[in-house]
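For reference, the structure is listed below as structure tokens.
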Amino acid sequence: MVGLAVLGCGRIGKLHARNVASHPRARLVKVFDVSSEAAAAVAGELGVQAAASVEEAIADPEVQGVLIASSTDTHVELIVAAVEAGKAVLCEKPIDLDLERAQACWRQIAPRRPRVMLGFNRRFDPSFRALAERLRSGEIGSPELLVITSRDPAPPPAQYLRRSGGLLRDMTIHDLDMARHLAGEIVEAHAAGANLVDPMIGALGDIDTCALTLRSRSGALVQITNSRHSAYGYDQRIEVFGARGMLLAGNQRQTSVELWSERHTAARDVVLHFFIERYRAAYAAEIDAFIAALESGAPMSPDFADGLAALELAQAAERSLATGQTVKLSAAR
Amino acid sequence: MVGLAVLGCGRIGKLHARNVASHPRARLVKVFDVSSEAAAAVAGELGVQAAASVEEAIADPEVQGVLIASSTDTHVELIVAAVEAGKAVLCEKPIDLDLERAQACWRQIAPRRPRVMLGFNRRFDPSFRALAERLRSGEIGSPELLVITSRDPAPPPAQYLRRSGGLLRDMTIHDLDMARHLAGEIVEAHAAGANLVDPMIGALGDIDTCALTLRSRSGALVQITNSRHSAYGYDQRIEVFGARGMLLAGNQRQTSVELWSERHTAARDVVLHFFIERYRAAYAAEIDAFIAALESGAPMSPDFADGLAALELAQAAERSLATGQTVKLSAAR
Amino acid sequence: MVGLAVLGCGRIGKLHARNVASHPRARLVKVFDVSSEAAAAVAGELGVQAAASVEEAIADPEVQGVLIASSTDTHVELIVAAVEAGKAVLCEKPIDLDLERAQACWRQIAPRRPRVMLGFNRRFDPSFRALAERLRSGEIGSPELLVITSRDPAPPPAQYLRRSGGLLRDMTIHDLDMARHLAGEIVEAHAAGANLVDPMIGALGDIDTCALTLRSRSGALVQITNSRHSAYGYDQRIEVFGARGMLLAGNQRQTSVELWSERHTAARDVVLHFFIERYRAAYAAEIDAFIAALESGAPMSPDFADGLAALELAQAAERSLATGQTVKLSAAR
Amino acid sequence: MVGLAVLGCGRIGKLHARNVASHPRARLVKVFDVSSEAAAAVAGELGVQAAASVEEAIADPEVQGVLIASSTDTHVELIVAAVEAGKAVLCEKPIDLDLERAQACWRQIAPRRPRVMLGFNRRFDPSFRALAERLRSGEIGSPELLVITSRDPAPPPAQYLRRSGGLLRDMTIHDLDMARHLAGEIVEAHAAGANLVDPMIGALGDIDTCALTLRSRSGALVQITNSRHSAYGYDQRIEVFGARGMLLAGNQRQTSVELWSERHTAARDVVLHFFIERYRAAYAAEIDAFIAALESGAPMSPDFADGLAALELAQAAERSLATGQTVKLSAAR
């Protein structure tokens, strides 16, 4: 049994804690949250101990891996603490809002050859995973055009947005990781943004609508559209067009029911509301992959470098937003 | 160029006349209708002559084939007249409401080895035709279960119903022909009917809802559901389940547009309203097949025997309705 | 916490045991199987006790409800034992292969006003449940035609078939329950069967392909097609056609991926393999409903009478198979 | 009856000629092609006169409108000739490969207030037309994101490509017009291109794969993907995402047949092969709109200014391809 601690008991932390608790080969040892009430609630529900401090949770000798689901500004500090304590880490994206800070974190921990996995949960979605595997198996030849659709059901509150790092680092970062995952390393990025959903978002200096074009080293072009709202639910689709065909992974719904009436035919349910519903299986598979890597010693994937690369891409896209120019990514990686 | 006459200028007669007029290898020579106004309208539109009588239309030496789209009670008489004049015939279904009268017609004309095609237009629907061809090519192995869905958008007026011969001879007959076409000769029939749509229909002694089960000589079982109404349009679907898979032919719509909203997703248009819209291409292909058979001398299909067989099946289904028993079809065919 | 015992540790018993073990408000107290190895395996996996006998499992004072998932011929005996011990029961279908024996069981236990739920798991499938609720809400008006498709992926071994009671009591019984659930009480049944899948099945005196027509008291007609094999997976669909439209509940797949190639477009995965995969959520919801009813004291549904009614329908369908006649159901219910 | 002449008897010219010939309110008066054989073939098929020269065709007093379907480099000259002869014009896109030449053409003919329609046939596709109308009716609120997919089945020969003006003026121009048609005037364009399909295309200095992002004056962002090949047929889709939902117009197929097998389920036909098949109804509707505008005197749409705007957009996209920069469109329009 692999012993794990969960830091942060918000929506995702709670989900992780439950997934660990019900995993056949893992044991949830400790949970922590800056709100001791939040921690106590999760601890009570799952019959585990709430730690009094992150230090206590990390230091527990039964804890082999630490799941970091606290607020973004604490990620770097907690990664460092966990790595220095010799623990493996599964950290929610992004590593940090600031690329340089994330890079510094890496320089600090790298000598320890840390085992850090990044929480790009969508890579573990059964449909996206099947699409990626079939793409790699050569089913449609080499990819030429990718179209990633990613639209949240409704904008978060201003309070969240203010500390979010902006649409590109907060929301698009998932799609940037997916682009790299499917098309390989990205060498160019262009972004066009707009404030169409809510003037409040514009007032915060942020955008709520975005259209990106990326180019991969292999030559494939990737397009992404983002919106902070979507009337019909959390719109999450991927299309990969290749030399010999196309693979699509579509939206998902609660039921398979269709209505045929005098107004419409074949009308389906709205799509699953948001990430908790849509990526339920993905989160469980992510935890499972983390545990399996912990057990086997195999490399963790996606790893810290993937987290840095996505952040670097988000930053490049921001530069493109500001200048209108296509931005080249550092050839170094 | 093949010269043709159209008898009957109602909805289907008009459609036939237009299809003949625009066919590259046919010439519409004459049209006739008991209403000389109706005939004149079609004749005017298409620039042809309205005949003063059926005799005139049939006798015209330029007429090689006669399309009979007049009321059902005139079919037998017109078939005989056309055949005796040495003309080929394309006759709308059914041959007659009365099986014995239809059989007598055949006995009368058979010695002339007549060339008669029956207007089972659905056999010529591009989707149903492709399904039939793929079934025959062995794509799903031998057929085991067939499910035919056939529902009209709205009941016809009482006046029509009174002379229609009842649901089974008027409407189901198309599905009975399709069952034979796809599953081969039918040896058993069972029918259960109901009056759920309009009490007027029950008052006429007819049913408006029907569920049939047939068994083919090859062993396949066929289910048919009929209704005289359908909120979402003319519902015309076929499913063939076989040893190695299933072929479906679905409904058709005016456009490919889908609506995704806060109420529904992927909501399509209602389906094509009725037979004129849904089977437009089928009617044109039927005329084309008739013309091609006239030119080549090849056997016509579906032929008079197919018309008799469908009528016999309708009659057997009526017997089953009345008795609740599965009715065996005469092994004679 | 509700204490439960599971009798029978085969495929479904194991599934029930796991669902109980992971239910937040239930405790799995004991498991039993005639194979003590099978019981020990489940007990070990879930950290519970394997009972040495059914008596021990039923008698345990912590056990409030008994889940009967043993072989069909033991159901009646175990129901009686559990009821006489004052326990609630969730029993897999069918109650017994013999209707009279099942009725006798009821007469024996009825005086105790037993709380017995029947394991018609499909009623709890999220899609079928949503369809049933939307039908009841009047979304498509009153139901007129129902089409139930139910085809297993592959025939069971001869050994299973020999004791199965035949296709109608073993497999169709689920569809018969669904027909009652959606259309209301059934008053007439007709069945046509065939042996098309495997001659071994015919040699056992059974059928492997079946087409049924039922009539409900409300007037709706229901058609069912069954097959013991299906190349593309476990085919489980329901169509309800009503006065104002149609509701469909379609098949389900592992992923949402589509392939577009030079051969096909929009090609989806095969459908979920069999009941364990397709009805995973349904089994969990069934257990949840049983626990909720145990807690609240509310009536259990589906109940013993539903089990009897389905069995009576299967028997009527068998009579129809044998005679070719539509069989009237006893008006008594 | 409206008298029309068709100049150019290639694939599209022939299609136009047939559509005119079968239009109930039009008469095909003359056809012309630089290959007198090509002209004679069409003239023979449709029973009309082949003109010996364009001058003869244009000058014919029975000719009220001229359809220009000759090679692109002749368009300007023929437009001028037809307009100066007082005839209305329906000209295939593009007006010319050179924007300045097209602008000069306009300056030359503008004083005559010419009636010129541009052949952006896709505006007349029944599905795209319905989508545009429903968008305008406000069904999904104001458009925020548009995704246009446009991929040809296979690259044209080098000989064609050499004179095509490049992917953006030859192929993308249709999508640029559609973007303007649906999202309104475009104010910014970005393009990223690649040569992935055939090295021959790169050797000609052209691209075969392209990803564009446009911004409309209203703020909507538009993404377009193009490819010169597509394994599954001519991929033509439009998605419009708006404040209250999404409208999609999908691909079209020859039949509605689906195959369910042990490999795939719900597998549909490949999509219609190319523009002749996919836009058959669109071409007919376009001719009908031209004839109706000729009869009524109503403004023609799309008009010469639409042709100029699309060409200007193609040119801006080329500048973006070359520089990597987002290009602003002249605010003048």
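In this document, chain identifiers A, B, C and D correspond to the written order of the chains, with residue numbering beginning at 1 in each.
The rule is simple: contacts are C-beta pairs under 8 Å (C-beta built on N, C-alpha and C of every residue); 3 or more make two chains touch, one makes a residue touch a chain.
Note that this is a predicted model, so its numbers are computed, not measured.
Counting C-beta pairs in contact across A-B and across B-C gives the higher total for B-C. Greatest centre-to-centre distance from subunit C is found for D, with centres as Cα means. Spacing of subunit B relative to subunit C, judged by their CA centroids, is 41 angstrom.
Measuring from the averaged C-alpha position of subunit A to that of subunit B gives a distance of 58 Å.
The residues of subunit B that reach two or more other chains are 140, 231-232, 244-246, 251, 259-262, 266, 269, listed in rising order. The part of subunit A that touches subunit D in the complex is made up of residues 140, 142, 144-145, 147, 149, 151, 188, 190, 192, 194, 196-197, 209-213, 215, 219-223, 225, 227, 229-232, 235, 241, 243-246, 324-326.
Subunit B meets subunit A in the complex at residues 231-233, 251, 253, 259-271. On subunit A, the positions that touch subunit C within their shared complex are 22, 126-127, 130-131, 134, 139-140, 244-252, 254-262, 269.
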